[in-house]
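What follows are several structures.
There are two complexes below, and they share chain A, which is joined by chain B in the first and by chain C in the second.
And now, the complex of A and B:
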């Protein structure tokens, strides 16, 4: 007899409502209105929507930073306020919420200490995370003097210091240069590949499309579309062919043949190179020539401790 | 077993991290540097300009009084403000959101901030003590050799002996009871004990006012183990003279021994208010069990009235232990008081936004300081109620003030129980039991209650607000 194993969702949201009130507690804004979502373990899930649609509010409720007005939220099977849950999650906020007076090394060490990591483990992880963030050269400069992109790299690094099972990112690529965006996306993909769950919010649709397996599109606090990106975007009635460009007559003959077969005149263009990839290639060459970088390093090294499973699983 | 030990280690690591963060941020934001400068100013610069009352021991005491008072104000204000801003600023600047998503309990956040302030206050108090000792040493070093011994004598810790109360059957007490009976003030039958209590109160009040030419007398019981040193016993007098701020006044002290009487002229040429310490050379002091001290106001020609302090009017100070030991006990109590202020600040910071928290903290301290005024009453009205001189139907504001002031005064009483500055400056011995019990009550009891409130508020409040 076949036994079905029921996998518990990493994040479960049932009929979530959040109403912000005024000073007298009169309801003013319905930020989230009856939202229902499930995020499965190992999934990269994106929350999309225009400003004020309730993305960040939802994420903050998942983190226990806001309390829901109604509905049920479970994160890794527990309430978001549970300290045991907080050991297993990492959070990258939308803005730079770091302590301006601390250096990146001190910041990472502090959050490691808060997570109860031993000194030698912290030292090793801080070194690897600084390397990942490309900020080894800037490790002893105060975070307050960093650019937004550099600060976001540190924010990402601090979120990973406890080797979390669930990572929540609020606008992860906002303020990052193309290299940072690419690195962020590569890290998200690598984290998902190692079995971690990632929930992110963004309004940069291309970035979401690059990394997310499933998305929910929110408007006025309600989910208007939920599903796998491939299912939502695929147009099954059309196809695209990419061929080596034939000569003038060959192309015309090919187009004529297609038109005869389908009854439609096909559109022809030269596919452009990916600007992001082109940019990264140029910068990589420049970095190789200079041998150093004044800001963040364009190279990426995923820390070895993140290559295995999360800390809780290893235990 | 092992997992609980690991959990305890992780908890300690978390506390150390939170405390280290608060300390590091205080250092980086130059708050600590500012405090160090202010402490140096209070303990080194101010003493350089202090002239004292012209006597070497008076100079030492004045330096101590100024340095301790200023240090207490600076550190108290800093503990209150830094405490108020620690959590409220982090909530407004948002780093609190990063902490709130970490495995940190709300009360641990409170504790981390408070421990950091405690550590900072401890270090700064020790620095202040070291600087005070250096300043005193410097002034002693520059004194002529003849004055140095007198200056050093001021740095001796002494136990304060209060005068014996009037015993039942004392002629003065009987005379006063007769006076009360014949004055016709008693309108109802009262028992003898109440009558005696009233008479004792009035006699005590009479002793505090020494009119021109008048004589007052106090009896002291000396301890059995008196050391036979030249400065073993000192007469301590705290007084003021209305309307004679800078004139020369004089008095005559006599102390009566089993072998006869000795006289002591009181040299009071510079200040007509303050504290006077006079050494009493009592021969064969081990054999003396009681000492009768008499004061004659010898300034009859100038119509000078001495008003003695209600609590420290006339005392004997018996040599006990070293100055440093007393100073350390005083610092322990001062540190405990700062712990209460820091706890109050951090709790208010957890409850309110930064400006509101600072104003609330300062306002509460002012209200607590003024609580004594609302509850000030003649002690006889509480207990004996023989004849009430006060308004029988006070204004409703006074009644409300009394009702509100009583619980506040009850809360504040342990904090104000020992005047550390006065004790250290006048060399009054601070009892070890008083210091330890004061420390446990102030540095653990009060912060525990305030921490519980702060932790609950932090847990109930949402660390993040706003819509996006």
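And now, the complex of A and C:
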């Protein structure tokens, strides 16, 4: 007899509605309108949409910061307003709302403290997270003097200090240079590979395509397309061949043959190198030559405490 | 299932010690944040300097120098403290939400009750430190206008020592900022307290001729109950502003309504409390914070003192009223949306 195991979604949104009212409590903006989504554990899920489409509002409802007008939301099986569930969540907001007077070390220690981590655990994690963010050399400079990209790295590090099960990222690559973007994406992939669930919002389509398994495209608070990226983007009626470029007459013959077989004249171009990869290679060579970096270090690796499961699973 | 709040939220965090650690971290950072604001430093320095300068700059005092110095000190504590309490309360909650700091903290396992309570306690600590600075300045200033027989003699030496110590505090904070990149404002605030404590010890231990004298004889400790009562009024006002900013009012509206409560609290007795007045007038009178309870400077005239039993009763009034405001404020804050 087959036994089916029902996996509970990490995030479940049913018919979610959020209406912002004016001073007299009259409805002013329908930020989210009947949204239904399920995000499964271990998935990287992207919320896509133009500005004002309801992405950030949805994320803030998941964190219990905004109250839904209608519908039911469950995060890790609990209501978002439940304080205890936030121990299992890490959040990177759209803007870097860090305490300008604190150093990165103090910032991470503070967030570790309010997550209830013991002193020795905090010390170890802060060290590893600073290393991950490439900010060990800038660990004792006030965050207020940091560039947007460096502050973003601290924002990501604070979200991971409690070794969360679910990571919510609002525009995670906003303000990052190409190295930072690549590192952010590598971290997201590594977090997903370690079994964590990631929900992110972005309007940078290329970044979302690089890391997300499934996406929802929002407009005016409604989901207009939901599914796996491969399913949404794949054009099953078309194929692409990649082969060493044949000589002049060989190419003509090949194209003629294809045209005879399919009835269509094929398009031919040369695949270009990936600019992101090209950029990263140039910077890596420059870094190796110089031996240091004035800003954030371009090297990155996931802290060891994140390589296992989330804290809740270890308990 | 609603939000776990209050004690249940506190316990959900993992028990007493962790909850205390969380509350301590939140309060400590909020205090530090406030002390790093230039306006807080400006108000504390401005108040202490004005109080110490008052006996040095007075030209005409008609034999009432002691009263003039005392009343100046209390008035300065009340007005500057009012500005500090209002600014600090508005900035720790309303401004923190507009800047996004609240959003990041509340995305962590921090209950709104704990968040609100620690914000209030932090403002209370800062108001307390400010009041301590002004109280020490008042004791020094009172000593500068030293009483001899029937008249008063200005002790310039003690006055300049106090002003010099305050200037040295600023220089020390500037030096630390230059050498170690420490934050100037918070260091200067804490050094101000140290400088005033040293000035008070000097003022208490030496007479105007530089002769050693027993400490107690030269310090007018009877000023302290009045300072304490004004500090309580400031804490009460801070709780009121925090409650108003929890949900209903922001920026200009907040200042207007808080100012309205301040004026109404002073006028309540005169306008509403009359013999045979209707019950609703009495009720409003009882509900408004009565600031008159906290202004007892005139009791010090002619060598009078403020009875500690009165201070105890006023403290009880403050505790109960503040507790009510904090409870109401945190209930309002629970439903506030953090955008």
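Keep this in mind: the second predicted complex is superposed on the first by the 315 of 315 C-alpha atoms of A that agree within 3 Å, B and C clash if a C-alpha of one lies under 4 Å from a C-alpha of the other, contacts with A are read in each partner's own complex, and residues count from 1 in each chain.
Definition applied: a residue touches a chain if its C-beta (ideal position, glycine included) is under 8 Å from a C-beta of that chain, and two chains touch if they have at least 3 such contacts.
On a predicted model such as this, the values are computed, not experimentally measured, just so you know.
**Q** Should the pairing of chain B and chain C on chain A count as a clash or a fit in the superposition?
**A** clash
**Q** Per the contact definition in the header, classify A:51: touching chain B only (first), chain C only (second), both, or neither.
**A** Once the two structures are laid over each other on A, A:51 reaches chain B alone.
**Q** Touching A:174 in the superposition: chain B (first), chain C (second), both, neither?
**A** neither
**Q** One more residue to check, A:29. First (chain B), second (chain C), both or neither?
**A** So A:29 only meets chain B here.
**Q** Pick one for A:89: touches chain B only (first), chain C only (second), both, or neither.
**A** Both: A:89 reaches chain B and chain C.
**Q** Applying the touch criterion given at the start, work out whether A:226 contacts chain B, chain C, both or neither, answering first, second, both or neither.
**A** So A:226 meets neither chain B nor chain C here.
**Q** Between chain B (first) and chain C (second), which does A:79 come into contact with in this model arrangement: first, second, both, or neither?
**A** After superposition on chain A, A:79 lies in contact with chain C alone.
**Q** Please indicate which partner A:254 is in contact with in the superposed arrangement: first for chain B, second for chain C, both, or neither.
**A** neither
**Q** Have a look at where A:283 lands relative to chain B and chain C in the superposition and call it first, second, both or neither.
**A** Neither partner.
**Q** Once the structures are lined up on chain A, find the stretch of chain B hitting chain C; candidates are 3-11, 219-227 or 291-299.
**A** The superposed arrangement places chain B into chain C at 3-11.
**Q** Do chain B and chain C land on any of the same chain A residues, and which?
**A** Of chain A, residues 60, 63-67, 83-84, 86-87, 89, 91, 93, 95, 97-99, 101-102, 110-111, 113-116, 142, 158 contact chain B in one complex and chain C in the other.
**Q** Help me check something: in the complex, which residues belonging to chain B touch chain A?
**A** 9-11, 13-14, 16-18, 20-21, 24-25, 28-29, 93-95, 97-105, 462-468
**Q** In their complex, what parts of chain A are in touch with chain C?
**A** Against chain C, the touching part of chain A is residues 60, 63-67, 78-79, 81-84, 86-87, 89, 91, 93, 95, 97-99, 101-102, 110-111, 113-116, 141-142, 158, 162.
**Q** Note which residues of chain C are touching chain A in the complex, please.
**A** Checking each residue of chain C against chain A gives 1-5, 9, 12-14, 18-19, 21-22, 25-26, 29, 32-33, 36, 99-101, 103-111, 181, 183, 335, 337-339.
**Q** Show me the residue ranges of chain A that touch chain B in the complex, using the header's touch definition.
**A** Of all residues in chain A, those touching chain B are 20, 29, 31, 51-52, 54-57, 60, 63-67, 83-84, 86-87, 89, 91, 93-95, 97-99, 101-102, 106, 110-111, 113-118, 142, 158.
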